[in-house]
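First up is the structure itself, then whatever we jot down about it.
Labels run A, B, C, D, E and F following the written order; every chain starts at residue 1.
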Amino acid sequence: MRPSGRTPQQTRPVTITRNFTAHAEGSVLVEFGDTKVLCTASFEEGVPRFLKGQGKGWVTAEYGMLPRSTHSRMGREAARGKQSGRTQEIQRLIGRSLRAAVDLSLLGENTIVIDCDVIQADGGTRTASITGACVALVDALNWARAKGILKTNPLKHMIAAVSVGIYKGEAVCDLDYPEDSAADTDLNVIMSETGKFIEVQGTAEEAPFSHEELLAMLEMAKHGIREIIDVQQAALN
Amino acid sequence: MRPSGRTPQQTRPVTITRNFTAHAEGSVLVEFGDTKVLCTASFEEGVPRFLKGQGKGWVTAEYGMLPRSTHSRMGREAARGKQSGRTQEIQRLIGRSLRAAVDLSLLGENTIVIDCDVIQADGGTRTASITGACVALVDALNWARAKGILKTNPLKHMIAAVSVGIYKGEAVCDLDYPEDSAADTDLNVIMSETGKFIEVQGTAEEAPFSHEELLAMLEMAKHGIREIIDVQQAALN
Amino acid sequence: MRPSGRTPQQTRPVTITRNFTAHAEGSVLVEFGDTKVLCTASFEEGVPRFLKGQGKGWVTAEYGMLPRSTHSRMGREAARGKQSGRTQEIQRLIGRSLRAAVDLSLLGENTIVIDCDVIQADGGTRTASITGACVALVDALNWARAKGILKTNPLKHMIAAVSVGIYKGEAVCDLDYPEDSAADTDLNVIMSETGKFIEVQGTAEEAPFSHEELLAMLEMAKHGIREIIDVQQAALN
Amino acid sequence: MRPSGRTPQQTRPVTITRNFTAHAEGSVLVEFGDTKVLCTASFEEGVPRFLKGQGKGWVTAEYGMLPRSTHSRMGREAARGKQSGRTQEIQRLIGRSLRAAVDLSLLGENTIVIDCDVIQADGGTRTASITGACVALVDALNWARAKGILKTNPLKHMIAAVSVGIYKGEAVCDLDYPEDSAADTDLNVIMSETGKFIEVQGTAEEAPFSHEELLAMLEMAKHGIREIIDVQQAALN
Amino acid sequence: MRPSGRTPQQTRPVTITRNFTAHAEGSVLVEFGDTKVLCTASFEEGVPRFLKGQGKGWVTAEYGMLPRSTHSRMGREAARGKQSGRTQEIQRLIGRSLRAAVDLSLLGENTIVIDCDVIQADGGTRTASITGACVALVDALNWARAKGILKTNPLKHMIAAVSVGIYKGEAVCDLDYPEDSAADTDLNVIMSETGKFIEVQGTAEEAPFSHEELLAMLEMAKHGIREIIDVQQAALN
Amino acid sequence: MRPSGRTPQQTRPVTITRNFTAHAEGSVLVEFGDTKVLCTASFEEGVPRFLKGQGKGWVTAEYGMLPRSTHSRMGREAARGKQSGRTQEIQRLIGRSLRAAVDLSLLGENTIVIDCDVIQADGGTRTASITGACVALVDALNWARAKGILKTNPLKHMIAAVSVGIYKGEAVCDLDYPEDSAADTDLNVIMSETGKFIEVQGTAEEAPFSHEELLAMLEMAKHGIREIIDVQQAALN
């Protein structure tokens, strides 16, 4: 029933390549099937003005799509002179989620900047971004510990994300672009490795969804995220 | 336990004043306690370029806060030359939700522009905005029907919204600012009058939330929204 | 002869509602007939860079129109990314006029930011803004004195404003929108309660105006402003 | 008493050089003493969108200061990415004034764009700009008549401008920078060659001004403008 | 003598990977040692306004660096709201060079948009971009010929680029970052496969360079480009 | 053969007028035939942030064209809100070239800002700008020495620039607009008075150029620049 032939619960193959580029403290290429995102984590001294002097750190994120990561070329945001509402919505989501993974008071007055740049898009770029960014974040934290900048590990727990939805009347996990563009409902779920929710964002694209449909989707998300966290941990070991 | 002395389920007094200003086709002042938002609906001929020639209409929204709607003055977005990520996130949510309330194919090639301007903020401005905007939308649709521009009513169902959250370990409904700024979890729920979900957005502000907490919050939201829809309908009759 | 049936000298009913919103140090809704403007005065510590270290304060103003304050919807300036020339011209006028009402050396290194947001427009928004803003300013100064931040009152004198013009060949006072859009000449006059001029801005919209017409308009403005200052003072008592 | 040794009524030497640059339909260097402004008038086919199809023309203006036209270097507006409020206020004034000099219905669907670029500033740049721009405008209109584009002359009357003010308690005409920066009151007056007012803009910089002071300044402006119009006409003959 | 141990004439290993991403008509990852640039060519119907109706096509380019392609993180241009002067200079160079490779009159009213996004930077990003972009351009032209959109091949000749410079007093070819940042002179050379110059850009970074040094650098560039064109052609076969 | 009747080697008459405006530390009007550029050099205390505390100075440049310096009016960059890529490319070139003329370590922590504003354009505005700016720079340095701000002269050598090109198959020197818009190749050469290259920028506008053509153009540039440096030195004596 799914265009890809997957079972409803089946996620796409998830691949995580660490040290994909040379300069960043954490650099991860994450692939959810044909969706490929380069996630880097930059460890920088100092914090934004509103946090100065509180002894706490900060984690923030930026997101972008290369102009030809999509079927038809998207205008370059740098050339248009502003980031779209969609871009801002996504990067706020990524930053908020990763802050929930870190004990900011153990980070000192340092900032970790996450950059998620979509090299190739086939649906689910925001969930792939969060999943990859968490690994890059861990690498950056470990870099800082190895350098002696951090004494203790500020990581509270790993987080990972997946999208689920109602496609042709049935709940499915990890939508690709053909499914995503035809789905009735789209739900992005971000969870910690401890099995709790970090963020739940569900939208009725075509038709309102029922309580039962929501429960079915959440169940599917939990299984999918558990598998994805296994991939993260395998990559880190 | 709540700063306002309300019971956990209790919403703030919700007031809807129609025809608050003179020029818009729909003009509503909505109040959720001390949160006051002016919602106007403007009926305009024509549609954005990407819809031209398809015989369908469009609903879109913009959101703003008056600089001194908040405790300390916020910089005016028009003066800074751009809308914040938060503003864009909220206005995208409002527009998406209201499009779910309308059969765009019955709207003809017309656009309804919703403007939600916060006069005074005390938490829950996005859920108040959606609630008020839906009434303004109905007024604008009725205006177009009275003018003979629309033959049939494009409204599919009313929608309303409320925020729920985990505050001091307990689920509470319709958070005001003191609760919102101290909550562990914040969940915005938008539902149709038919009892289905339009949008669910939950964020772990402090601590990840469990499946049980999510269910408890959703239950509370359903009750709250039912009451708010009663206020909408009373205002329209 | 006037569309509203007023006599040439007659101003519209002027209403001033203090404490219209909760958070600002001064918050006034001013109404000149159907023109309604929310004026807030925010008392902030510190001064702009060019004044630092001089022991003097500053008063500045920003102006905006809600998108649907007008007959047809105006694009939101925050979304377009810049303030129009008209907006900047008006907010410079408001700021300049109110600075003339205050002894800045008695304000200490503090800034009062005036925000004038037009809720509903029917001509004369800039003169209504100045009139309302002066009352909000007084409230903010009194707030600072009550708090002990200011020892002496920096207010030099109240100011108020009215527009006059040549409409159908005759001088008229306090033009509403139908008059304003058809007037030959438009003159905005701002005066102090001591009967002196703060600002005089006259523009030949259709035909140049004579010395005699200018004198007639100024005479009318003086009477109008005297009445408006009475309304300000009644509101403050 | 005046820093320049001039009598109160005395204007600075006014010089008008036509055809200062080669490409524009009208190109004038205007000098009011040490204030030097290059004013060009460009005749362009077509009108802004809001005028299309009405058979009328348009006159508009832009104003700029070269970065080092002033004592200390001003940031280049093109580099900062926006025009200041002052710039916008001035260019709106120039455009409005010149539209009052032209019968737009005789201009056909053509636009005249006035550019006033300050080469060297010593006070009074806006009044010099208007004075020079009117001559450039006449040259551009004559160019269009010589080309056969215009059958009749759309010029209604020449206009010219001067600033007057209260300096050390006395009315003076055509303020230079040392006077301008110390004046109590500054009044810009724009008049037609028929002796009527196009625009009057008076501002109390330091102290409110009385009715008598206003009359004295207007009287002085009339004499000054009469002399300046003589210089314009000599330049055109 | 060179930090990398290369001989003065020796270029870094150049690798060209076609079809690096899935959606673009041409997609090439080019590597000059540790410098890695993703170059895509998008074939789009239509031309910019200034070319409409002339039956000719257009080639244009945009360039960007991922924020963490460099040693320390660079601010994202999309977030800052404008492209730097350096970015604009480089993308103008890329577009101009590739237009010289194409007979625009054989392209029909179509546009090829080149995007060069630097994944990892180690000096020479502009010359690597041009080299990779030319291969992506060929793939896009071949795609259009296979689709029947183009009847004849608009390619006039391949082009490739290399940087040369004076490093520690001696001419060297294909500078990496340590050399580039210490060089006295930097010369970017772009040539066609026919051995002629498309663009020559030499800059004295530290000391002016002599005619003899220029000749020595040009000679070195010719050899380097010949090798690089061999790599391009191997990749295309 | 040349539209102007000049011989291939012949430059246009070059004129340099110092002290063209009153306020800048260096102010030069440079004319290359009908191309006229006002170049000012502003001496300012302090350096950009990236140089603070190093005891070195900085030289930077900005470039602009007056809207009607060209045949048809160009949009004002300040009004459009950004500088074009061409403008940025040119001002970077001017700044880079002049930095090569100055020993920045002898400048102290001071900045010289060069502004080149094109009053009238007829080809070669960037080479005229550099030529005139160098004289303005010398005046500003001499001003600082006369004031005692600088003890020693930071000038390393004068620089000057000329454009050469291949026009109708033959190398020509100092292209005017008719030649420039029809040339096959355009080469901008900047040299020091010591006969060495500061910058060489050659572009194949129509056809790639050969090594022999490059040598012929460079030869012509050398002669042209020598003459232009003579004009600079005559102006300074």
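Keep this in mind: contacts are C-beta pairs under 8 Å (C-beta built on N, C-alpha and C of every residue); 3 or more make two chains touch, one makes a residue touch a chain.
Because the structure is predicted, anything quoted here is derived from the model rather than measured.
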| query | Quick one: which chains contact subunit D and subunit F both? | reply | none
| message | In terms of touching chains, how many steps apart are subunit A and subunit D, taking the shortest path? | response | 3
| query | Where centres are the averaged C-alpha coordinates, which chain has the largest centre distance to subunit C? | reply | E
| note | Distance between the CA centroids of subunit B and subunit E (whole Å) is 50
| task | Round to the nearest whole Å and give the separation of the Cα centres of subunit C and subunit D. | result | 27
| Contacts with two or more other chains, residues of subunit E listed in rising order | 81-82
| remark: Ordered round the ring starting at subunit D and going to subunit F, the chains are D, F, E, A, B, C
| remark: Listed in rising order, subunit F residues that touch subunit D in their complex are 21-24, 27, 34, 36, 38, 40, 42, 44, 62, 64, 66-73, 76-79, 81-83, 87, 113, 115, 117, 119-120
| message | Give the list of subunit D residues in touch with subunit C in this complex. | response | 82, 85-86, 88-89, 91-92, 96, 100, 157, 187, 191-192, 194, 196-204, 208-211, 214, 218
